[in-house]
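Next come two complexes built around chain A: one with chain B, the other with chain C.
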Partner chain A sequence: MRFKPGDRVRVVKDDVVYEGIVLPKTEFSSEDIIMLKLDNGYNVGLSVEDAQVEVLNENVVSFEFEEPSQTFFRGGGNLRISFLSTGGTIVSKVDYETGAVKPAITAAELVDMVPDFKNQVSELEVLEVYRLFSEDLTPKIWEELSFEVAKRVKSGVDGVLIAHGTDTMTYTAAALAFSLRNLPIPIVIVGAQRSSDRPSTDAVLNLKASLKVFTEAPFGEVVVSMHGHTSDEYVLIHRGVKVRKMHSSRRDAFQSINDVPLAKVVFPSMEFKLINDRYIPRARLEDFELINRFSDEVALIKFYPGFECDLIDGLIDKGYKGLVFEGTGLGHVRNACVDNIARASELGVLTVMTTQTLFGRVNLNVYSTGRRLIKAGVIPAEDMLPEVAFVKLSWLLGSYNHLSVDEIKRLFLRNLVNEINYRHEDFIYPRWYHGD
Partner chain B sequence: MRFKPGDRVRVVKDDVVYEGIVLPKTEFSSEDIIMLKLDNGYNVGLSVEDAQVEVLNENVVSFEFEEPSQTFFRGGGNLRISFLSTGGTIVSKVDYETGAVKPAITAAELVDMVPDFKNQVSELEVLEVYRLFSEDLTPKIWEELSFEVAKRVKSGVDGVLIAHGTDTMTYTAAALAFSLRNLPIPIVIVGAQRSSDRPSTDAVLNLKASLKVFTEAPFGEVVVSMHGHTSDEYVLIHRGVKVRKMHSSRRDAFQSINDVPLAKVVFPSMEFKLINDRYIPRARLEDFELINRFSDEVALIKFYPGFECDLIDGLIDKGYKGLVFEGTGLGHVRNACVDNIARASELGVLTVMTTQTLFGRVNLNVYSTGRRLIKAGVIPAEDMLPEVAFVKLSWLLGSYNHLSVDEIKRLFLRNLVNEINYRHEDFIYPRWYHGD
Partner chain C sequence: MEINYEELGLKVGLEIHQQLATKGKLFCSCSTSLASESTPKVEVSRYLRVAKSEIGEVDPAALYEMLKGRKIIYEVPRGHACLVELDEEPPHPINMEAVLITLGIVKALNAKPVDEVYVMRKIVIDGSNTSGFQRTAVVGVGGFIEDENGRVGIQTICLEEDAARKVDEGKGYVKYNLDRLGIPLVEISTAPDIKSPEQALRVAFKLGLLLRLTGKVKRGIGTIRQDLNVSIKGGSKIEIKGVSKLELIPKVIEYEVMRQLKLLEIRDELIKRGLSSEELTYVVKDVTQVFVNTKSNLVRNALSKGLKVYALPLKGFNGILKVEVQPGRRFGTELSDYAKAWGGVGGIIHSDELPAYGISAEEKLNVFKVLNLDESRDAYVLTLADDESAERALQAVFERVKNAFVGVPKETRAANPDGTTKYMRPQPGASRMYPETDIPPLRISEELLKEAEKLKPPTPDELLSRLVKEHNLPKPIAEALVRDPLIHTYLNLVESFGRSVAPHVIASTLMIHLKGLKSQGFDVSLITEEVLEKVFEGVGSGLISKDSIPEILKEYLSSKGSKSVEELVKAYAVLRREDLEKIVDEVIERNRESILAKESKAFNIVMGEVMRVVRGKIDGKIVADVVREKLSAYLKKK
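Let's turn to the complex of A and B:
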């Protein structure tokens, strides 16, 4: 009883017979439900339980990219903007008429959703690069996506917007930040914690704020534009290598860690406020560079009490070339594992230490465990987030695989795009509620 | 050239000959340095580089527990307190006269350090249970430690204090919370981010606050007593299953996540303020229970883009009985891994989903990835911290190994010691700095 979207099927359920075309699943649809477009034009959802399904004809309709995946809008402004969509809640939309999952979004729909585009763009390109849940992204996709972005940057657009699921946005932001260098324009990654067809969506303001970044930001960095507040007070523009999704559902889930957001866009005044003066200024277009190979032979390992040290050997034997540890406190793992890590180093595997506290900085010089780790070859990742250190190592091993281990180690320790913040002001540590 | 503490050695370095006893390393001492107690009574530290070391006699002195590991103090108050030391910065102290690492701390030294004990205790027991870096703790040690605590609880003491390294304090706090049930007294875990022999130490106030917990707290829970502020304004009393080390070095590194701390002790007034009325009241002594087996066949796995799904099979084949995932957002891993997780379930391996956002709650009913994970047998860990879910599963698999997988699953979903908070007020999410 195998069937797939586009097949014409007959379903018998509770003695009733249905015939129609199987509609594609959306990210919101249940596994147990088969959605049918009946011949009378109506859609029906049937529980597959106790249903008999017979495929009458395969591939009657192709739902894949049934509408153009690249659309344009010409407006009355002077900005050339490219909007690249990878998927995620921000572009999740079911066409309730046809029941099909539409290509992410068209230029016309985007302009409808955020009318500011109408007056401000001269040309708006909307391209669906992927239609993926962000948890399904891979280093390979970072390569392809950064290539697509680079093409637009080189063509001289005024801004590239990337619609992205929020789940792994941190990782993609870091990947783009390391691969798109000397940027003449900001690259803005934008998502939504509430889908665009809900009244409570945060998509619109996050997108509006992006336009302000293109016109007013002095920086040429990869940034994330997301709500800074549960209400619609302001949107924060976070540095891509210093931001993290810190809440599973709140609209203000994205927060800068060990750094201050670069800017905020206040509503309804639409004022753009730079709040961090440590930024990379826009570069000249001719200096722009794309360095975008990522290794998939890097693992991120969270340490925990009782962690079995031979899991490290297992990863080495599987061919991993880089191991990023999320250690405890100042950057520790149990002493029993130091020999396994030393073995990794001997075999040319790079090992990096970050901390599961997230806030603060790794320091391997305070305790003897740390000093033993340094001797075993571990690279301290300073105040980099574990996720960012993971992406950086994947990028270095992919893009600089002609270099020696020692040279890559040196590059790892270099602050390339402000992924390291050497100065932590007291106020960048958030304030918790401690009673009245 | 193997030598160890207690050996009598001859060291030749830069043409100078030294003879003496090798002193034990402290957690602050460098790997490269050999510390010698010379015959004239002085200590000298020599870099082992280019040094020749010859062992003259082995085990001339035994430094292990050279001083009594259990000491007592009788004071003028009426509290019976047990202080169990496991190691860590709070008890790190080098005896600069002998150069030896002294047993953690004696009762007399503790009273010297925190004179409040003098007037308040009738009997103070100080026992060094371990002398370990907290990163070296294991589930086995949680069993032994909880057993030692239970003995004191049963003997009717008014409070048990546990000195612990801060690195894995979260894990131990959760382990004790699950194993010590129906507590008639609070169990206070205390640590320090600055060692006790430094003027800036936070140890003293954290210990002072513990005394207030024993005398004033209405709850019978395992709690963590640590600074709530960079200055000495107040100490927070966190629920053991809702606290996390959130900074690698700050004195206010420990914060409650998805919950409000149970109480705070304000200085210098020493006022005890209950700030969370959701607590477990002190139980009757006769209802106290110790349930303390922990399985070491549980792994905590952080998911990241490109995560190789067959790593899951590797863990199953190695004999793991429980896998706790730190997924993305509402609790996702890539769709490619769902089959591997389903295989785990088929083989009777329990799988649990937590979120790497730390804040917020797992919800596997919103997106199709989540629903597929539920079908594959994944248990959603609600708003439990990944570390706490890891400990809970280790405890369930260890202590209830006579139960079926389904029964353990049901127990996992039950809120046993407030490790689940069903109601998240807006103010429990911390406030970040977003500019002025």
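Let's turn to the complex of A and C:
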């Protein structure tokens, strides 16, 4: 009874005869189990103990993964688009025959999924840069990815579309926003909360809306294109440095925090509506510049009651050059930690304060703790998201390591790509359900 | 017509879907009860991505076009659906209560549980599942159920989630309510071992009873659904969906056999006429000009809406379209089903049925002329539609006509309430199934199996001894009951009234009185479970005597709906003892002379007259007691 995944076998057990294809084991399956795909399509697991297994045909299906690939598609439109894939739900497809998840998508599959590509692009390049879950991305990868994007921007394409896992999309969006200076085109990061192999996937609409950004948007910014509602009614185009995943699973998980999304694309009319006039217009191609070094000596620390202040010393002693705090309320950590932060400043370590409330701005002038933190050298990050402040500090410390601490501090407080919004109007705070 | 099903090679397979009465749904904690009209709800709209590779094999392109861009609206009733049903949150771990009930059923059907259960995604793109697939898992395989005509094999026992409830459909949209989505369903598929319509009913009944006896399944309208696979020699395996009533099963099978035989006759006739499917050409012609001055309201209305009259000529088909394939359904009706399903048109009009719908004989003839057809040999099909719908509708009709040369095309059909069926959709190709990666495999351990043993429903023999020992039914009645579909009604009534009404009273009402009324020629199907409930409510509360049950039921049937059962129960209300005593006193007083003259016959005289007045309103034994008491007191006094 020597059988392997891909073989067609007959299993006889308790007088019942099963025929099907042996599937590769999953990590959840027990040791003694053979996983069979029956002819009716169902998978069943059978214990091989007291079972007879006979191989009928060998290697009926193959479970080999394809190598990452670059493919092209020529269509009848006039847009030149580069589609770079890093991995994630949006490019995951399940193979019917094997049931295995293939985290790869070809140009042909993309066009099949969103037929709009066919009549809008003249040339579509699909390149699988990575095959990673977004939680496995690193600042090193931001550098490589921004390089790949810059190469295409310089080649004069009309748009770069990046497929990305949703979990750390904000980080990558911010990294690209800081490193791709003076963008002549919009860079759209797109993801999906329901994988593309599902009939109910949100990828189709998110991708369709992305195409609209390339033709209609007046801005040259890094944006995120995701559902704005649980219904398939409209897709929001968020500024990459102001967007955050606010739900673990909903389609409309991505929302702009402390800002209004830049635009929305309404379905099915596909009307593009600019809804925020505070945007960065498209720059001239010759002004475009890539500045893309990121320091991995920056930490993002969430403060909590009982936080042990010597954790700060530990990070400094490990060689960290920047610490971004998610403080409470207006931007506080316990008074006992003020001395540790002062020590950091003395040693040339930059400390930044953001708020765990996410909504609103930090203000260190209201309470005495805040005032003491300022004195200890903390930089208040205005209304920046903690993740964005973290990426910004990493980028400044990586790309401008020849500058003095004070100069970096000044740069940090400068509003580079609208990551700071100085005016919060009442309506940018969401309404929750309060019974009715 | 007497049909020899054995000779025809009839093969029937049953697929039974039964909702389980679990506390929560299969993959979330929502209640399994349905929302009411007044439940507050919001609406969410979606579009499903339709991939060509995921549709069945028959004409996928057309189906793809039809489903593409269709808006799906979901009503989300508060309290009955959460983010899981909305496809906004991954499924929670599988409901173990549902798994255990299913394992109990697996055991009762002599089937073998698999060692590891994998939940699969079965692609369904009509919108009835928000995800675009139905989650389903094989739990057991290879069982059987005993039957008088031999064992019927059980192929698979699956646990799956129910689909959303369709509430509305219109041009370009379909609307579902999410309350039903996710209710656990057990699906039992038999092998095609059933050889007659009666056997199918019997097996369906046995499976239904077995499910019911788990005590863990939902009851009432829509909680159990039967699908049938029917084939005969030379015909095709036809899937028939949604037979909601058990009693309809034999009729559906008979009608399907009739249909297949008729379609084979049509095929033979076409061949005899020297026709062939290759020679048939697809042409659609706009024949609106024939009808510019028509008197037909149907056509005039359509024309006023900007629609046109399109014709599909069918050379050599004269008389074929009016062949009746099922009662009230002609071959033309079959074609009409295709036009409706694929073109979204109201239907078709064919030359074999004209003149009709206000269309004159002259107009009929003119269409023949315009189409260059011979009215004595040829036929045509008309549809009132816009250009695009007409094209799709008539293309589908044409494909169906071509299949007439093959005989019985493979189809999925839907059962009508009268037992006939109509075309629903093509049969799906190889099932499009892939693993539900959000749910880990479930090991069926010894502990689970031990736990499931407790949920195994009793066998018919065990039920019989329970009826005799616990319900104190006479053995012959109990034996008849376990073999009768009325067992369900019996168990329901005992459940509701068993404490106040002796089970044997309920049993004899069903098995003796109802059968008696039936043999007297009454239509006892009018005595619904609700009617019986009202009657036993009356008996249970002491309002009426159990002796009055047969009379109430008989009067109810005789009145043909003019008297409500509530009225009758009131009319038969039991006499109070004081009232009875008063009547007895009056009767004695009136018959004073004859009583005193014949003391020995006094009891019979009084009893007879009293009973004439009070029959059915009070127990005869009580009457006798009162009469005896009053008489002896009266005689003593004298």
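Note that the second predicted complex is superposed on the first by the 358 of 436 C-alpha atoms of A that agree within 3 Å, B and C clash if a C-alpha of one lies under 4 Å from a C-alpha of the other, contacts with A are read in each partner's own complex, and residues count from 1 in each chain.
The working rule: a residue touches a chain if its C-beta (ideal position, glycine included) is under 8 Å from a C-beta of that chain, and two chains touch if they have at least 3 such contacts.
Every value quoted in this text rests on a predicted model; they were computed, and no experiment measured them.
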First (chain B), second (chain C), both or neither touched by A:122: neither
First, second, both or neither for A:387, with chain B first and chain C second: first
Partner chain in contact with A:250 - chain B first, chain C second, else both or neither: both
Which of chain B and chain C A:369 touches, first, second, both or neither: first
Chain B versus chain C as contact partner of A:232, first or second or both or neither: second
Touching partner for A:314 - first (chain B), second (chain C), both, neither: first
Greater chain A contact set [chain C / chain B]: B
Contacts of A:215 with chain B and chain C, given as first, second, both or neither: neither
First, second, both or neither for A:45, with chain B first and chain C second: second
Footprint overlap on chain A, where chain B in one structure and chain C in the other make contact: 26, 28-30, 230, 248-250
Contact footprint of chain A on chain B as seen in their complex: 25-31, 133-140, 142, 166-168, 171-172, 228, 230, 234, 236, 245-250, 252-253, 255-256, 260-261, 264, 273, 275, 296, 299-306, 308, 311, 314, 318, 326-336, 355-363, 366-369, 371-372, 375, 386-387, 390, 394, 426-436
Of all residues in chain A, those that touch chain C in their complex: 13-16, 18, 26, 28-30, 33, 35, 38, 40-47, 94-96, 99, 101, 112-113, 193-194, 197-201, 204-205, 230-233, 248-251, 267-268
Chain C to chain A touching residues, read off their complex: 44-51, 53-54, 69, 83, 86-90, 112, 114-118, 120, 122-123, 125, 130-133, 136-138, 141-142, 156, 158, 430-435, 437, 440-441, 443
